[in-house]
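What follows is a pair of complexes built around subunit A, which joins subunit B in one and subunit C in the other.
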Partner chain A sequence: MSGIQLRGVSRRLGSWPGRILVYTMLLALAALFLLPFYWMLATALKPQQLVYSFPPDWLAGDLTLANFREGWTALPFGRFFINTAYVTMLTVAGTVLSSSLVGFGLARYGGRLANLLFVTVLLTMMVPPAATLIPRFVIFSRLGWTNSYLPIVLPYWFGVPFFIFLFRQFFRAIPQEYFDAAELDGASPLDLYFRVAVPLSRPAFVAAALFSTLIAWNDFLDPLVYLSTLDKFTIQLGLSSFRGQFIAELHLMMPMALLAMLPVLLLVALGQRWIARGLAPDLEK
Partner chain B sequence: MLFSLPWILGFVLLHAGPMLMAFALSFTDWVFASTPEWRGGAHYRTLISDELFWTALRNSAYYAGVTVPLGVLIALGLALLLNRDWPGMGMFRTIFFMPALVSGVSIAMVWGWLFNPRFGAVNSALDKIGLDGPGWLGDPRWAMPVLISLGLWSIGGTMLIYLAGLQSIPQELYDAAKLDGAGRWAATRHVTLPMISSVTFFLLVVGMISALQLFTPAYVLTDGGPENATLTLPLYIYQNAFAFQKFGYGATITVVLIMLTMAITLAQLALARRWVFYAGLGAR
Partner chain C sequence: MGNSLLRAGRVLAALMIFAVLIAACGGDSSDDEEPTATSEPEAAAATATESEPEPTEAEETITLRLGVSMTPAELETFEAGLEDIRSRHPNWDIQLEQTPQDGVVEKTNTQIASGDLPDVVHVQGLFAQPWIRQGAFASLADYTSDPEFNVDDFYDAALGQFQWEDALYGVPNIVAPDLLFLNLDMFEAAGVEPPAADWTMDDLETLAYELTLDSDGRNANDPDFDPDSVVQWGLSVTPNNIWTRHYLLPFGADPCANDDCTDLQFSSPEVQEALTFWADLAQAGVAPYDPYTGNQTGVPGEGFQAGIAAMGINGFFLVGVLNATGELNYDVAEFPTGPAGVKASPLSTNGWAIAETSEQKDAAWELIEELTSEEFLTQHWAEPGHGVPARESVAPEVLQEEAAPANQQAILDTLEYAEVFVPSAAGAFEVFGRTSDIFVAMMRGDTPIADGTEEIDSIGDEVFGASQ
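Up next, the complex of A and B:
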């Protein structure tokens, strides 16, 4: 974030008492927000007998990876991770490609039809996804697509309202002259998209890819409804069935929950600086 | 126009079509792989006398009614605290945002463990200050508050949007307020809050829509229990369709959920005129 001019910000460090008060509040809140992560990590690394000691043991003394090893082999977690990575990749590719193309169309070509379509995008953003759970299941099961990834992934290839909106805002912020110049050079509409719009909107693409990764990786309802055999399970569904079978084995559940979170936490840590930039069109830089 | 083709197909096949279909199915009985059987308004009559439906409606309203306003308030508080260029603010921002990344089954499991009455961190901490913690997820009065606490913990996205909103407020407004003798509190009250009221409005609308969707933790942790205290509308829809094979009745509850969501959104739009302030905020 450094280098970005902050406006409406308290620039002065303020008085010492005020400063200490703010930092104390922030530290207390940070501890509260980190506690669940700490509790998960501590449980995952504790030897089994310490997990179920009473009163609970806050500082994990002897650390061990035994829980990870035992949990990992209790169910085919390797398979779940591969499946989830596969579904996530297909979902992200579909979301980014289709949403950006549609957003480009809506941003570049006006007219009544485009406006009407934009209204349908906004309206769909307001409809709860659960609203179409049953009818979609009826359609996809009639097509014989249950226990496959098609009903989970395919809808993302038709554009996702929130991301269409995001891309449209970004593409509209590109000065018209860029497109005019490219058109003079004989660029086709697809060239305009690939050679002008895409390179100028990288933050939007990265942000959309990150957010759709989160959505796909954490999705539970769709896999729950459509997938029925263990070899097809995603990580969230695998964890849910793991919980069903090992309800009392918290020392095995925590390491697996931790592993399930790790990829998205790492990904966002790597892509963090893009998130803020990707949410608002900003061509000054 | 070819660019919009995926969306035209998607809207018709995946959004508008299925919604109409849900409406149509709500008048039928449909068992997996059979032909739907016309039942007229029978399901709607059942609905009125179905106590579980009213319980689910109450629970969803309880969850959304507490989580959304409180979550927006907390997110605004955090954003106001973080909106400084003091050292360490970036680190705090990351810490408060992290929970928003880990929705789904994994965090629900952690939450259940955290609130475990005997071995969990929460009751252990309460014990240290001499309090006797309740049974949390096993207690009908406390199960929903546990789910609400999970919702409140995950407000990082809301906080980031507020931060972006705060940083787009022109410094001149604060300078002018200062010239008029406004202190920090007065400036927050008369400059900051009106200037971000459109952000607040957006967050309340979006928050309500998503809070009415509460499913995963209620399904994973309590499966609607104890004594149906965490049975939400989406969970009741899921149970009807996929546990009891009552797709028609599930569609009927779906129609109610759609209507409810739309009614709340429209009500918020109507009320917005009274309190949302739109400055000439550029091209929107």
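Up next, the complex of A and C:
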């Protein structure tokens, strides 16, 4: 019954009035979701005096790039970009390497202890990061690591629960025969990881790298807590600095937010097919 | 076997390379290359320092961490003043630590919990009391008693924000009263005169009706006026949260039953009657019952700034914003006098405090003396948009005759009676969060004022009773 209904719907959408209706709805939805981005772009290009005008001047005639120049020099945004890229690179490297190794161990070397460890790892995902903020700060502060990138980057070198889960599931989908054959050829556990698991799991690695890039690039809380001087700030702290106690310098914040978005937007655009494949292992195909 | 060792070796090598990279993450910021954008002031500072006397061997270098939360524009002004201080104290190594406004509470709480608060920290008045009562800040009683410091020169209300059990835990540097902003173009279009200095709450009500317009251009006195299609509000706000004591005091009604307002009495007959005055304005459609979210007005934030209200209640900071954008032809007025014969305004204030954990308290105090000196306040805080210097002797420096608004004297006059927002004790933000919807419902008429105020008092008792 439901199959018949679905085929009916499909037929209706297949006709040109149906398609026009669907595409119109999709375009309207897309426009709705793009509206905030358009507002950001419009604000970035407006003179300051038009930022708060009501009704909003959506198609401002006096477009200017002055906000970009002023925002870039009001705070050292060049430095912020370099700092953020540096932190992101180390975070991604640590996340992918450590999480894949742990995930591989949990996937291939089962048993009760491994399952217990896996459940424990999953349980740590339930703890909100804010709950461990102060204990972590105390530890890193005692180590003298505040106002450095160590407290922000180093934890990622000890495995990230979500990515451990992702890699474990992906590695478990690799047929056991591949590992058995390699072991017959004398492969060690590290050989199995590098020669079998890694080449067959590229989508998972790309997806993990993309996701961890997004996380690190947009992270606010850790940099906020651990970084204190402007020369160490990341982009998110820089953007947030445009908001004061009473006022927000939106005309400067928006152009810098636009620039901050571009690298991640580009990455996601280039890697979106890998994200889907990395999250849904389907090695049989 | 050999392959395994080779693989293991590669992993170790990769780990070592990343270890080296990670090691580069650490270290003192002073060792790093400075970003180009900040190199100019720092180079200037270096030049200035070169011309100043170097600290003698007997003068040990004192490192002072100074925590602030400022916008780039504020930082630029502040850093210039800081350079002057550095030049006078060559043995001070002042390390400026900036926290974005959005994260001030989280970061400060973390630093307090771990004993890592900067030696001197800039504190927003509304946040001060919980931290003072936690013991985060050092008592300044011994320092402020010095007659040369002249603590009496500071506005009493602002000092009160940093007072706890007869000791002072912070020194205010700026104060900012709320004012009544008037859109002069809307007054002119309606053919009504801006209020006189001695105006009353009744005048406010009359003006609000005359200045409100619906989509057909009818004002609120017109029998056909449609309160559901307002395009121009007479007044931009109504009481919408627990920090609205200034709306009630002119009616002889006080929602606070004790000094720090941790015992709420919104349900008292006087407060209920005063709230009824404001609810009547909201329900007549001349002032929004939900002034800030944009759900009712269509504009997020306060309506005066957006140009959809003829009269607005807002902080002094708006003077700087309006002057920068130059979009509105405006003036300011003091709050009107109420039936009780008094007027009231809230006062925002920020100040400097010393961390209880600081090992340089004497030097930290000297730095606060510098930061709150008449000279520093005049040169670096007396600008519209920043705040009014917290010393009465230099507060008039903020007046700029050549700039709007015309009635700048109202700013100083308001400071004479303005009082800081209360309650500000621990739990105040929770009470604020849990009761704001009740205020909106009362103003809208969805909740009877008697029921709403009972609930607000009850939430206050629950939260403050548990947190004090």
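Quick note on the criterion: the second predicted complex is superposed on the first by the 248 of 285 C-alpha atoms of A that agree within 3 Å, B and C clash if a C-alpha of one lies under 4 Å from a C-alpha of the other, contacts with A are read in each partner's own complex, and residues count from 1 in each chain.
One rule holds for everything that comes next: contacts are C-beta pairs under 8 Å (C-beta built on N, C-alpha and C of every residue); 3 or more make two chains touch, one makes a residue touch a chain.
Bear in mind that the values here come from a model prediction, so they are computed numbers and not experimental data.
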Partners on subunit A (subunit B, subunit C) - clash or fit: clash
Contacts of A:A257 with subunit B and subunit C, given as first, second, both or neither: first
Contacts of A:L230 with subunit B and subunit C, given as first, second, both or neither: second
In the superposition, subunit B vs subunit C on subunit A residues touched: B
Touching partner for A:G105 - first (subunit B), second (subunit C), both, neither: first
Which of subunit B and subunit C A:S148 touches, first, second, both or neither: second
Partner chain(s) touched by A:S201 [first = subunit B, second = subunit C, both, neither]: neither
First, second, both or neither for A:A30, with subunit B first and subunit C second: first
Which superposed partner A:P129 touches (first subunit B, second subunit C, both, neither): first
Touching partner for A:S212 - first (subunit B), second (subunit C), both, neither: neither
First, second, both or neither for A:T95, with subunit B first and subunit C second: neither
Footprint overlap on subunit A, where subunit B in one structure and subunit C in the other make contact: 51-54, 130, 133-134, 137-138, 141, 157, 220-221, 224-225, 237, 240, 243
For the subunit A and subunit C complex, residues of the former touching the latter: 48-49, 51-54, 72-79, 86-87, 90, 93-94, 97, 130, 133-134, 137-138, 141, 145-150, 152-154, 157, 186-188, 190-191, 194, 220-221, 224-225, 228-233, 237, 240-247, 249, 252
Residue numbers on subunit B that touch subunit A, as the complex places them: 1-4, 6-11, 13-19, 21-22, 25, 30, 32-33, 78, 81-86, 88, 90, 92, 94-96, 98-99, 101-107, 109-111, 113-114, 116, 118-121, 124, 127, 153, 160-161, 164, 166-171, 173-174, 192, 205, 209, 212-213, 215-216, 219-220, 233-234, 237-238, 241-242, 247, 250-251, 254, 257-258, 261-262, 265, 283
Of subunit A, residues touching subunit B in the complex: 1, 6-11, 13, 19, 22-23, 25-26, 29-30, 33-37, 39-40, 43, 51-56, 58, 98, 101-102, 104-106, 108-109, 113-114, 117, 120-121, 124, 126-139, 141, 155, 157-159, 164, 172, 189, 193, 214, 217-221, 224-225, 235-237, 239-240, 243, 250, 253-254, 256-258, 260-261, 264-265, 268-269, 272, 275-276, 279-280
Touch list for subunit C against partner subunit A, complex: 1, 3-4, 7-8, 11, 14, 18, 21-22, 25-27, 29, 32, 34-38, 67, 69-74, 95-103, 106-107, 109-111, 113-116, 124, 176, 299, 305-308, 315, 317, 320-321, 324-327, 348, 350, 385
